[in-house]
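Two complexes follow with chain A in common, the first pairing it with chain B and the second with chain C.
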Partner chain A sequence: MMKDPFGGMLLNTAFRILVPFSLVYAVYVLILGESSPGGGFQAGVVMGFGIILARLILGEDSGIFNIRLKNSLALAGCGTFIYTLAGWLTLAGGGKFLDYSFLPVAMEETHELHALGILMIETGVTICVMMTILNIMDAVVRRSED
Partner chain B sequence: MRGFVVTVLALLTGLFCSSVLFLPAIGDEDSAPNQHISPVYIAQSELDTGSPNIVTGTLADYRGFDTMWETTVMYLSGLTAVLILSKSTMGRRPEKEDDYE
Partner chain C sequence: MQIYTVEAILLVFLILITGCIIYERDLLSAVMIYCAFSFGAVLLYLMMGSPDVAFTEVVVGTVSTIFYVIALKKIDRWCK
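Moving on to the complex of A and B:
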């Protein structure tokens, strides 16, 4: 996919700087989403932005960012599954569905368990949103290359 | 037919717009949503969820089930976009009637 690189040398060099920053910022938004503005959906969007930029600049050489369509479809489903898994874990711990106080992890404080559960579901949401953006982009690019 | 549709749409639009008149004023503390559950969330969120952010506490903890299906809807929308735009004929309606056999 994306055979021709995007823009000229100047644009590519300028956008190349943005890639690591947007990825790191996405992880920051994800981790601190529990106590500050942010969260899974926003982190997923920023991370998808970074990956799309890397692909636009590098094309087929983008290495780890060059995720195949079938893999990104499966990973989007995995993100949804991580969310549901949090619910199942609380069921296994003896509580209600998505009641994080019953996560089967040895922690003393209840609110630490809640923070862990929130982080887990936000990770799932992040993976799902990021891979969905890549899915749609992949589908559009494939269609236009036919 | 077209005139009928336009009339119905205009009537419905007028009805929906007129309902704006009955909305409570912004910040009105006597309105129904501000009386029922919001004070409980604002008072209890940090104790119940351990998160100092009320939005996160509501989204991920009180309303966790809702957010789960939101994530599922997002996954399905991406999947649908891929299926519509791809050349694969999987799940597509056949073009001729005979192909149903």
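Moving on to the complex of A and C:
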């Protein structure tokens, strides 16, 4: 009955396996980006790829994964804001811009502060890149509908 | 010495693929051949010892192929 809910075995398998895998793998790439290949940009593109795949399979009318153009633009700005917020926090802690040793967080070790700061700016880069890719997708689809 | 030979073969392969893309009349085939170009570039980056750039190339090549195919839905497939 609910054997092929997304219209065919290929789309069903793609949605059930590829979309969750790419979303989880993006978080993995983001978290382990300091010690292995990867980082904010790659994580953002992988996450955007998962959402684009879901939108291609489900169609434009479905409610799930359908981020509107206005929201995606605002979220891209939020990603840039998170990046600069890390810099402002270090300025407030008494250091230079993006000097992670001066983050106003109660941690003794310096490398822990560095890891926290890098994770913060990479989260911002991830959100910005993902939403920018969704913006490009929206622009291409909308242009083709005119 | 052997690694340089493989790199040279890959570079010649990439140049041939680029020529194929330029002279291809079918735009959908051109997009697919561009995907092969991306894969060859990934192998070259891995051989040059930068897995970070190779990972970026894999992901961006896949996403840009999706964008090209979506854009091809509205324009004419054949280049006359």
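As a working rule, the second predicted complex is superposed on the first by the 126 of 146 C-alpha atoms of A that agree within 3 Å, B and C clash if a C-alpha of one lies under 4 Å from a C-alpha of the other, contacts with A are read in each partner's own complex, and residues count from 1 in each chain.
Please note the rule applied: contacts are C-beta pairs under 8 Å (C-beta built on N, C-alpha and C of every residue); 3 or more make two chains touch, one makes a residue touch a chain.
Computed from a predicted structure; not experimentally measured.
In the superposition on chain A, A:77 makes contact with chain B only, while chain C stays out of contact range.
In the superposed model, A:12 lies in contact with neither chain B nor chain C.
In the superposed pair of complexes, A:42 makes contact with chain C only, with no contact to chain B.
Contacts of A:100 after superposition on the shared chain: chain B is touched, whereas chain C is not.
Of the two partner chains, neither chain B nor chain C is touched by A:66.
Between chain B and chain C, B contacts the larger number of chain A residues. In the superposed pair of complexes, A:52 makes contact with chain C only, with no contact to chain B. Note: residues 37, 39, 133, 136, 140, 143 of chain A belong to the chain B contact set and to the chain C contact set alike, using the contact criterion stated above.
Chain A contributes residues 33-37, 39, 69, 73, 76-77, 79-80, 83-84, 87, 97-98, 100, 109-115, 117-118, 121-122, 124-125, 128-129, 131-133, 135-136, 138-140, 142-143, 146 to its touches with chain B in the complex. Contacts from chain A toward chain C in the complex involve residues 37-39, 41-42, 45-46, 48-49, 52, 56, 133, 136-137, 140-141, 143-144. Of all residues in chain C, only 51-52, 54-56, 59-60, 62-63, 66-67, 70-71, 73-74 touch chain A in the complex they form.
Residues 48-53, 55-56, 59-61, 64-65, 67-68, 71-72, 74-75, 77-79, 81-82, 84-87 of chain B are the ones that touch chain A when the two sit in their complex.
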